[in-house]
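Chain IDs A, B, C, D, E and F follow the sequence of writing; residue 1 opens each chain.
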Amino acid sequence: MVIDVFLALGLVVLAWQALIGGSLFRGIVMFIVFGMVLTLAWAWLGSPDLAMAEAAIGAGVTGALIMIAYWRLRRINAVEPRDPSPARSRLALVIAVLATGLVGAIGLAAVSALTGDATAARVMNETLPDTGLGNPITGVLIVFRNLDTLLEVAVVLAAYIAARAALGRESADLPLPPAPDTPLLTPLVVTLAPLTMVVAIYLLKAGSQYPGGAFQASALLAALGVLLVLTGRVGPAAAANWLTRAGLVIGTLVFCLVGLGMLVIGAPLLAIPGIWAVYLIEAAMMISIGLTLVLLFAGAPGLSGKRS
Amino acid sequence: MNRLSLLRAGIVLVLLVLVWLILDGLDSLLTGLVAAVIGASLFVLLHVPRPYHLRIWRLPRFVLFFLVESVRGAVDVAWRAFHPALPIVPAMIDHGVELPAGQPRMLLVSVISLLPGTLSADLDSDGKMLKVHAISEDPDIAVRTLQAQIAYLYGLIGTPRP
Amino acid sequence: MNWLLPGLILFLLVNLLAGLWRVWRGPSSADRMMSALLFGSTSVAVLILMAEWQGIRALRHVALLVVMLAAIIAITYVGISGARDKGSETNPDRKAP
Amino acid sequence: MSLLLDAFAALLLLIGAFFYLAGTVGLIRFPDALSRLHALTKADNIGLLSICAGSALMAGELRVALLLLLIWLMALFAATVSAHLIARRSLRDAEDSGADAGKSPS
Amino acid sequence: MTEWLLFWLPLAVVLVSALAGLGIFIAGEHRPILRVSLNLAAALAKVVLVGIMGLLVMAGQVPEFNFALLPGLDFKLRADSLSMLFAVLSAVLWLVTTIYAVAYLERARDRARFFGFFSLCVTATMGIAMAGNLLTFFIFYELLTLTTWPLVVHNGNRESFAGARSYLVHTLGASVFLLVGIIWLYQLTGGQDFIAGGYLGELGLDQYHSLRIVFWLLVIGFGVKAALFPLHAWLPRAMVAPAPVSALLHAVAVVKAGAFGLVRLVEDIYGFELVQTLGLDLPLLLLASFTIVYGSVLALFQTDIKKRLAYSTVSQVSYITLGVAIGGPIAAIGGMVHLVHQGLMKITLFFCAGIFANLLGVKKIDQLDGIGRRLPWTSLCFTIGALGMIGLPPVAGFVSKWYLGAGAVAVGREWVILVLLASTLLNAAYFLPLIKRIWLNEPARAWPAEIDASRLEVFGLVGATLATTGVAVGVGLFAGHPLSPLSWVTGIVTDYFP
Amino acid sequence: MVAEALACLVLVPVVAACLALVLPGRWRWLAVAAGLLPLPLAMAWLTGELGREGLITVAVAGFEAPLGIVWRLDGLSAVLVWLNIIIALLVGLHAAAHYPADKLNGFRFWPLWLLLSGAMNALLLSADLFNLFVTLELVTLAAIGLLVVDRKPQAMRAAVRYLLLALLGSLFYLLGVALVYGQTGTLDLYQAAGVLQPDLLGHTALVLMTVGLLVKAAIFPLHGWLPAAHGNAPGPVSAVLSAMVVKVAVYLVWRLWLWLAGDWAIPAGLTMLGLLGALAIVYGSLQALVQQRVKMIVAYSTVAQLGYLMLLFPLLGLVAFQATSYHLLSHGLAKAAMFLAAANLLTRLGTDQLGDLRGADRRMPLDVFTLALAGVSILGLPPSGGFIAKWLMLQTALAQGGWLWVGVILVGGLLAAAYLFRVLAVLCARPVACPELPVSGKADQLTSLVALGLALAALAAGFVPAPVLKLLATAWPLGGAP
């Protein structure tokens, strides 16, 4: 009980600080700390799914994205002090678009996690075993209420297109901070990258039975992508090649096609035929969301690999 | 890709499978293998080939050294933190680096921060000069000892003593 | 023994919020980042203890996630907060009144 | 035996908590950024190790122990690299502001 | 076949000018021949169609087009005798005015816009004439407002916008009252057709209060277009429009739509009996009387020809209201027949004023000196029109005034004679000096802005004017003929006062 | 078949949006066509079916509420889906002629357009409170993306403001949804309706959701973001924003108050909402009267016209429901036409500053005519859809003796006349100089004709209201007039 109160108080204080923090940078740090404390709160309330989502999306990737936007803002202000407003509003827009998408995603998780003895929850617990899934949240997200999830993936897509539309082609050279020239980074990347990949795939796979799933996995992948971009192993490209574009839409597309396909063979719309479809959809979602986040971070239409 | 790289990729693969096992157990080893292969190929894409490699049998010794030193470091800093007089004497020293680029140098830079009284503060761009921030006496000795230990671990010198 | 884990969790949380003072106070952005580091490692510890206390294995996975993200975030911080772009090397916090 | 093991685990957890406290105290009390970094890195690292070890003992399961080890290793990695980067950043900021002392920050 | 004809004919009569309007828009500014032919063809077609319809009505048939917008909300076009009166007037005058306008605007710009809206405006007028119930009436009434607006602003200068604004403020403001009144009535009785003697008679005493309010709401709604005091202010200001517009606006379309609405209100919705029971006839009568005198007095002080004519209209249109407000068959005949008579005379006068202005640049009264020698035919028409207005036999105006006066005596409201007398004197006071100037005064050395008009132009302008003059005299001379407006109206009125 | 047709309405545009991003070159046009053209066919079939059945429900993924999401097509949804389809097709056609290919393809117009129409359909079909939230998010984000496709600085700023407020609105709504779920254990609107009690919690949830939606619907006094956004958006986008995007938020408020809380009897709340609408009408019209740009005038006109939709609450009844719904429909058509015509003026004359547009009717007669025609419906003058709506509104207001509402409706009409004729007067004024237009291409003609078509549709709505109103009547949840 004491811990509950403590966490709640902490959250209130942090949210307040993040919103009215004296300097922007302090506000950002407060925001990230807020994300972490929220993670702890979810964990304490016994919902590791939400804790994961919050840690990965709320604190991790959003933190990184806000930081890069902050950096760009300062840089733009320094370089073109006369009329920073269009650029400013562009960036603000990108952040806000992103925030909206993320709020939606978190809301999705939050609602799907509402349990207790509510009618819906009771029915779900009776129905879940039929689906072969062990994780009720994945059940809700991919099987029972998959229309929500489908549309949420479309939200991410729309958010990205909106941000892209706002940034435009000339923003292919949106500034990125130079990679820190320290010998530590290469070994760090080399070690972290494979491990992150494995953990991400694990989270995806585990999602059907245990906490985890596409959203968390994609956030982890996005974090990896951010690391690669920051260390200069992956650079921005001026245009999105078809692979990038395909990657962006594959989540939505696969989801829709599976749903429509079921309709064609006479099953209800968006009925999920089996656990393999869950994996297929989740994998596609992971790719799309992860790629979207990395592209937003890089601020470029496409990505190109570089060997250092 | 030369044999050494292949070997390294193999080791990474094994390690990643191990990580998978830790995470998921034996339930779906096939997926784990796929994941590990993807991870290992990422490693192959990213890694920079170096002419030296870690001598596994010398690892326990280094780990022991590291554990003992970092516990000492922690105790030392805890003592200083709780001491009413706050007995710290911040100083900055420059220290030459003899270790080659890559893992050895990374290990030096990171582990130094865990040893008693030392903190790696900056490494110049060609990696030959390390700035060490110290809050206790004799940081030089600590750095030198660590360098020797790492060099020994990678088979660059025959003895772990400086 | 029942009090031990929650007690420790609470203790670590208090600890964590004490570190908040550094974020609030600064004075440099390095200090703020440092506190974030503290938060990362303390959160991991708290998560591990919670996993033990509540018997939820997945919380350890959350801890792993936090740890992996912590490294990445730290690099982002460093890369971003202080990168030497023209004209704005100075600490932005000093601009604040 | 089990009692002993539990007691040992509890001890480890307490030790871990102590080091965390030390880290925080250092963070607050030490006079400059770099010194604070000392406290944080070293103390938290051992604190986490201790807690991981204690927790592993309590769980008494190899897979958990290995997972905790993995967590600790990653934390170690993250902490040292971040510490170095932060120190570097702080150092260079200090140099810059020293060099620019004559000018007003704009 | 006859069924089919009876159903579609009213719609065809209304739509023929709308289609012409659209065609004119599409033909555009740069195909004048196509445009004019289209216009004239449609006008002729309309006269023919209206003629056919008139024959049908005379044969006792009731052409009726019905389209249910919603249950209880019908769009209904129906040709009864009263409709035909107005429809024939509109159709004939449209034809004449079109000829006049083509000639008048020979040198103007934006003619496609002008003639397009002109045709639409006629559509609206025809719709008002044929409206079978209040909803339909309202629809076309508003359409009329909308389609006349572009005509008023046609010149595109500051005064025309001021005039148009005043016009809109008045008409749209009035439409608010009208709409509320209509909906209120629909609440009370549902959407019923116009019927001789009104359909509100069955409502009980408890509704009388509502009925009184509704009556005044509708009077306001119609009174603005009918330029009833104090809602008349827009009319003189709208004189900035080109002469054919003034002619049509003041002779037929707009003011007559208002007056026609008042007739429908008193005779076909409430029924005079109910109006009397509610005690509404006297206030309406007083209002009309006052407007008659007031308009005439103001006309006296105008120096601009068109303005003087406009105030004259304010006064003359109220004769119609006066006629229905007096009550009794004779006065009703006088009022309704004035709908036609005043239309013919006033359009003649405006045509003449337009010719004066267009050919010679004469716009002020003091510029009229001796114009009779320069433009004898036009001046003759003007003179006849003016005399008709004063009420001199045998021109049409006399017949109306005679019936009005006789009707007033018949119902025991002799004082109305005084009003008529005053009005006649005033009419004479403001028209006779003009006639004197035209014929007796020496012409000035040069006309203000004489143009070198082509023969065709002059022929169109003067021809149209002569035609209307002829008809105006004709309906007065042959008032006893079974096809004359007077006979027609008498037939109508026997329905109202059986 | 029903499920197929419903799925077509939602998923086909979404799939087409994906394909429009991925496919190369000309194939993109095919994707766009394939995404939009089946919609009217599917809806036509559904409408027939709806006429027979009265209500169409489909459990998505085969799971009935409370576990799954249920799609529910009733008369109201059907009318709005039709409006959406018409707008998507016609305004889309306008955009295709209006924009060069590089602004349409790639991460620009088409994918967002398709996503928007799919999301709109999903929103209108959904009977699930949380699913409604998600669709609302998708609608908002796609709309914001469209708002900035031209990358005009003013549009960007407006978009930021819109987005932040919309986000706030979403959060409020979500909070309310959580409360409802906590109370009732279901997210299905119709299931919750039977369970949710008019106690403190229920009222709080209702108020939270309503406030959130009113922000998105830009109902006075939460309208601040709308004029800048709608006035600065690219032409086709302004059209869809005003015609559909804000409307669906109002539509949701209706659903909440009449379906979810239909039997609560909270006259104070209903009157309050009506008063907001009345203020919106007056304030929006007055603002429109003083604007100097055509698009801003049209945008403020939207603020005002949205107010009418709120009059459903105080007038509560079948006729009022039909009237406001019909107003929604005809205003959607007319306003889209207006924005498109204004956009044509802006594109081809280079300005929409009122002062610079004197004599525009000589150069672009068709577009000025369109503005006027659409204006007829906006004014509520006959013969137009707006007139039918106004007539019915006045009828029910009079029947209830609601003189305040009668006054508001009438004053609103007069003010609308004032601001619209102000524009028309300038457009028809004699120009200072009359430079000839460059010869207009086919594309320009097409843009004008599309706008005209929409305006004519708004007028046509005045002639055939009966079937639509009948369809609407089947959806009315509260029984006969109170």
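In this text, contacts are C-beta pairs under 8 Å (C-beta built on N, C-alpha and C of every residue); 3 or more make two chains touch, one makes a residue touch a chain.
What you see is a predicted model; the values in this text were computed from it and never measured.
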Set of chains whose contacts include both chain F and chain A: none
Fewest hops from chain B to chain D - one hop per pair of touching chains: 1
Selected pair, greater C-beta contact count between E-F and A-D: E-F
Most centrally placed chain - per-chain CA mean versus overall CA mean: F
Chain at maximum distance from chain E, centres defined as averaged CA atoms: B
Euclidean distance of C-alpha centroids - chain A vs chain E, Å: 73
Length of the line joining the C-alpha centres of chain B and chain E, rounded to whole Å: 103
Cα-centroid distance, chain B relative to chain C, in whole angstrom: 23
Inter-chain centre distance, chain A versus chain B - centres from mean C-alpha coordinates, in Å: 32
Chain A, residues touching no fewer than two other chains: 180, 182, 184, 188, 192, 195, 199, 206
Multi-partner residues of chain B (at least 2 other chains): 19, 23, 109-110, 123
Residues of chain D whose C-beta touches two or more other chains: 23, 37, 45, 47, 67, 70, 74, 77, 81, 83-85, 87-88, 92
All chain pairs that touch each other: A-B, A-C, A-D, A-F, B-D, C-D, E-F
Sites on chain E touched by chain F in the complex: 25, 67-71, 73, 75, 110, 113, 138-139, 142-143, 145-146, 149-150, 153, 155-157, 161, 164-165, 168, 172-173, 175-176, 179-180, 183-184, 186-187
Touching residues on chain C, where the partner in the complex is chain D: 1, 4-5, 8, 11-12, 15-16, 18-19, 21-22, 28-31, 33-35, 37-38, 40-42, 44-45, 48-49, 51-52, 57, 60, 63-64, 67-68, 70-71, 74-75, 77-78, 81-82, 84, 89-91, 94-95
Complex contacts: residues of chain F adjacent to chain A: 3-4, 6-7, 11, 14-15, 17-19, 21-22, 24, 58-63, 66-69, 107-108, 111-112, 115, 118-119, 122, 128, 130-131, 133-135, 137-138, 140-142, 144-145, 148-149, 151, 153, 156-157, 159-160, 163-164, 166-167, 170-171, 174, 177-178, 181-182, 184-187, 191
Residues of chain B touching chain D in the complex: 19, 21-23, 25, 70-71, 73-74, 76-78, 80-82, 86, 88, 90, 109-111, 113-114, 116-117, 119-123, 131, 133, 135
Parts of chain D lying in touch with chain A, wherever the complex brings them together: 74, 77, 81, 84-85, 88
